[in-house]
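Naming follows writing order (A, B and C), and every chain is counted from residue 1.
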Amino acid sequence: MTRRLEEIVARFGGDLRGDGSLIISGLATLEAATAGQLSFLANPKYRGQLATTRAAAVILSAEMVELCPAAAIITPQPYLYFAHVSQFLAEGPRPPAGIHPSAVVESVIPASVSVGPQVWIGPEVELGENTIIGAQCRIGAGARIGADCRFYPGVTVYAGCRIGCRAIVHSGAVIGADGFGFARTPEGAWVKIAQTGRVVIGDDVEIGANTTIDRGALEDTIIGDGVKLDNQIQVGHNVQIGAHTAMAGCVGIAGSAKIGAGCTVGGAASILGHLSLADGVNISSGTLVAKSITAPGTYTGTVPFMTHDDWLKNFSRLRHLDAMADKIRALEKRLAEIESEKKT
Amino acid sequence: MTRRLEEIVARFGGDLRGDGSLIISGLATLEAATAGQLSFLANPKYRGQLATTRAAAVILSAEMVELCPAAAIITPQPYLYFAHVSQFLAEGPRPPAGIHPSAVVESVIPASVSVGPQVWIGPEVELGENTIIGAQCRIGAGARIGADCRFYPGVTVYAGCRIGCRAIVHSGAVIGADGFGFARTPEGAWVKIAQTGRVVIGDDVEIGANTTIDRGALEDTIIGDGVKLDNQIQVGHNVQIGAHTAMAGCVGIAGSAKIGAGCTVGGAASILGHLSLADGVNISSGTLVAKSITAPGTYTGTVPFMTHDDWLKNFSRLRHLDAMADKIRALEKRLAEIESEKKT
Amino acid sequence: MTRRLEEIVARFGGDLRGDGSLIISGLATLEAATAGQLSFLANPKYRGQLATTRAAAVILSAEMVELCPAAAIITPQPYLYFAHVSQFLAEGPRPPAGIHPSAVVESVIPASVSVGPQVWIGPEVELGENTIIGAQCRIGAGARIGADCRFYPGVTVYAGCRIGCRAIVHSGAVIGADGFGFARTPEGAWVKIAQTGRVVIGDDVEIGANTTIDRGALEDTIIGDGVKLDNQIQVGHNVQIGAHTAMAGCVGIAGSAKIGAGCTVGGAASILGHLSLADGVNISSGTLVAKSITAPGTYTGTVPFMTHDDWLKNFSRLRHLDAMADKIRALEKRLAEIESEKKT
């Protein structure tokens, strides 16, 4: 949808420089923008692109405005401003309120809710106002979902789980499947431990496609307000994730881990079970966290890649690191003997 | 549901100490238990929690019973006993037998089977007695599924696959998709190899949410009895997994790997293709298994994490490990020369 | 289905040696083949199996034909030939054209298309001729899918995405979910950046079960012709993958990475965001690619596994690699001093 520049400023603030009646038809990077598009300069290293951008207007900070040949919205947080505008411009028509005739709904739900084709909603489910349930979602008995949520097609919520308001849940996400808990018999067979906890998710949470969050064994799995989970993340039973923590794709969190608030976890990182991570911890992509972290900061544990031939040469040494350390110690000792003999 | 303590002992054995008429309303850890709950002491390191637990009764071993202020069930395997009781207390009402009117069922199935809303069951499918097929499952033509299984909503079974009795399959699991097999043309394009094997799964298997098990290329992919697979595991074509092997979330098993019986594979571990793992092998979380393992035991290959600054300093050395080894060898040689000169 | 040997040769070429009227009932490895089956010898190291194979005929190269006791199809590319034959023999009946009565289809689609049970197709969707949409797929508004595609049950395509001709998409795949893009407020909350790009996929692409491909933020995510993606792969927003690149299961590609043409990526490898990989790059399984690669070749970065005890001994040294390097340097210096003293 299109908006006039002055409408954007009226809504989100900032200082407008230039013609407020400009029609903005979309957003683009400085490099890709065409006439009628709004761009942004968040990272000063791209300032050189201002001179040649074809954007109709640019969101930027006061220090950059002199370099801008186009109209400008001046704000101290250009990227954040851009985020807000992106949502404003992307607003499309909502699917109609009401229940699609092909849906099977066994609960009473508000008239403002939109239930798409072939959805199944079990008994005793509570849905908040204006929530949108996309095609073929399955909401188990007794689940409770807040207002203003958007569930894309094919989301599964198991019985009894709780999700707050304004959640965005992408296709294929599974919330509340059984945690992985078994006792072993003396003969080596596994006996299932019934998983009777729930998943309890706060407000303003986004859950990516095919992400899975297991229900607790006895107590609940708890996801704090404002948490953002990318695609294909696995969250084990009884995990707790603090508010406003964000995790990139393919992360795995084993059972009973407690992740602090305001953390970031890079893609494909793993966090082992029963660990605690302090608030404000950043885990680098691909890192395996095998013990608790008590102080904020950035933590990494990955190996460099190289050509396969170089790798063969260097990484085979890892089997002998301990022996290398022993050799160094022996050399130090022999050398010290020689040095002390010379002194005497 | 609630049970009297003596009902539990009547069913699962063990020595009851205390009032058998106590009503048990649920299970909890020693620390979290409230009045009316049954707890357990499996790991002796938590024995200190016995003194202050509010549990109505505790499952424990004979050596611990003197420390227990509450009623007790004495058994040599408290955790295993707890597992059995957890299932007993979690028993809920079954979904009704019969086919939901919104389901599309193209096969004849037993009257005891429960087929949920919007399920699709293709032609020539065989289902065992009392099996529960949750909402929106899709069961391809000619699949055969045993008795007393529970499929949660949104499970896919491709044509022709076999699953034994008492399987539990969680939402989003995909059983029998094509394996990843292609021949390459001289020009570099890939020509698909038809995947005509099946997936054949034994009895008492549990399969986690969004786990995928590919059908074999020519022969079958085979999952043994009692295997437990957590969420988001990928099992390639022609893999064989021995009985009672358990794998945690996010594990990947490449094609034609043969995993023994009674193995455990930690979360996010990977096993490369065409390898064999002996019975009783334990793979640590995050480990990449790049060659066969012929002896039982625990195997590990992961790197420690550290602060990002420490990591930069230490791990850049990995590119020069071979050079470090060369330097050590050169030092040893030079030192030996000096030492031998002194002797002469 | 069965074919006579001469039918196969008539279709795919090659020199026939032996009785062309032989009925071929299926394909098998040299070792497993039974009477009536066709086998192949692609890797010379299996040549020894020719002597004892029970296959009715074998696809092999001219150099191997003398070793073959059975009928033979002689071709310079036995494995490629086998791939073509495998598809020919696997051809089964197509699902009937037309829309299953339980489907909800809000667009006009060609009469040759097969739409399975409980499918949802939104408005303004375009489907090419002869495409098969399996049970319970969900195709969002405005999506465009080419001719001769096969979608297995439970695939999700978000609004506006484009897929070329002859695509094969497996169950649980999600194409076009939102990329993971947020701006952070000074207080640490995340504000969503609307993801308004599309996913644009070329011709002849195969997408594995539960694989997810995110839509672009502003521009599109682009998958080239002939790309093959295995199961549980995550492709972030704005990624570009060149033609005929193949990736094994559980790979993760972070946002804005550009992968060249003709690359291969091994299972569970990760490629970080905003990197470029040249054409013809091969990444080994489990490798984390943390910087761009400008030359073709094979690249690796994984650690060996060992028994847990050996691992404890060797890998704890990684925390002290830098100190080890310092010690070596100090030893070299001290030794050089001794050596120079002796000379003087």
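Operating definition for what follows: a residue touches a chain if its C-beta (ideal position, glycine included) is under 8 Å from a C-beta of that chain, and two chains touch if they have at least 3 such contacts.
The structure displayed is predicted, hence computed values, not measured ones.
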| item | value |
| --- | --- |
| Degree value of the rotation bringing chain B onto chain C, based on Cα positions, nearest 5 | 120 |
| Same vs different contact residues, chain A with chain B, by half of numbers used | different |
| Whole-Å gap separating chain A and chain B, where each centre is the average of the chain's CA atoms | 25 |
| Multi-partner residues of chain B (each touching 2 or more other chains) | 102, 118, 136, 154, 172, 210, 232, 250, 302-304, 306, 315, 318, 320-321, 324, 328, 331, 335, 338 |
| Footprint of chain C on chain A - complex, ascending | 26-29, 32, 77, 79-80, 82-84, 86-87, 89-90, 100, 102, 116-118, 134-136, 152-154, 168, 170-172, 204, 206, 208-210, 226, 228, 230-232, 244, 246, 248-250, 262, 267-268, 285-286, 302-308, 311-312, 315-316, 318-322, 324-325, 328, 331-332, 335, 338-339, 342 |
| Chain B-touching residues of chain A, taken from the complex the two chains share | 102, 104, 118, 120, 136, 138, 140, 154, 156, 158, 172, 174, 177-178, 180, 182-186, 188-194, 196, 210, 212, 214, 218-219, 232, 234, 236, 250, 252, 254, 270, 272, 283-284, 287-290, 297-304, 306, 310, 313-315, 317-318, 320-321, 324, 327-328, 331, 334-335, 338, 341 |
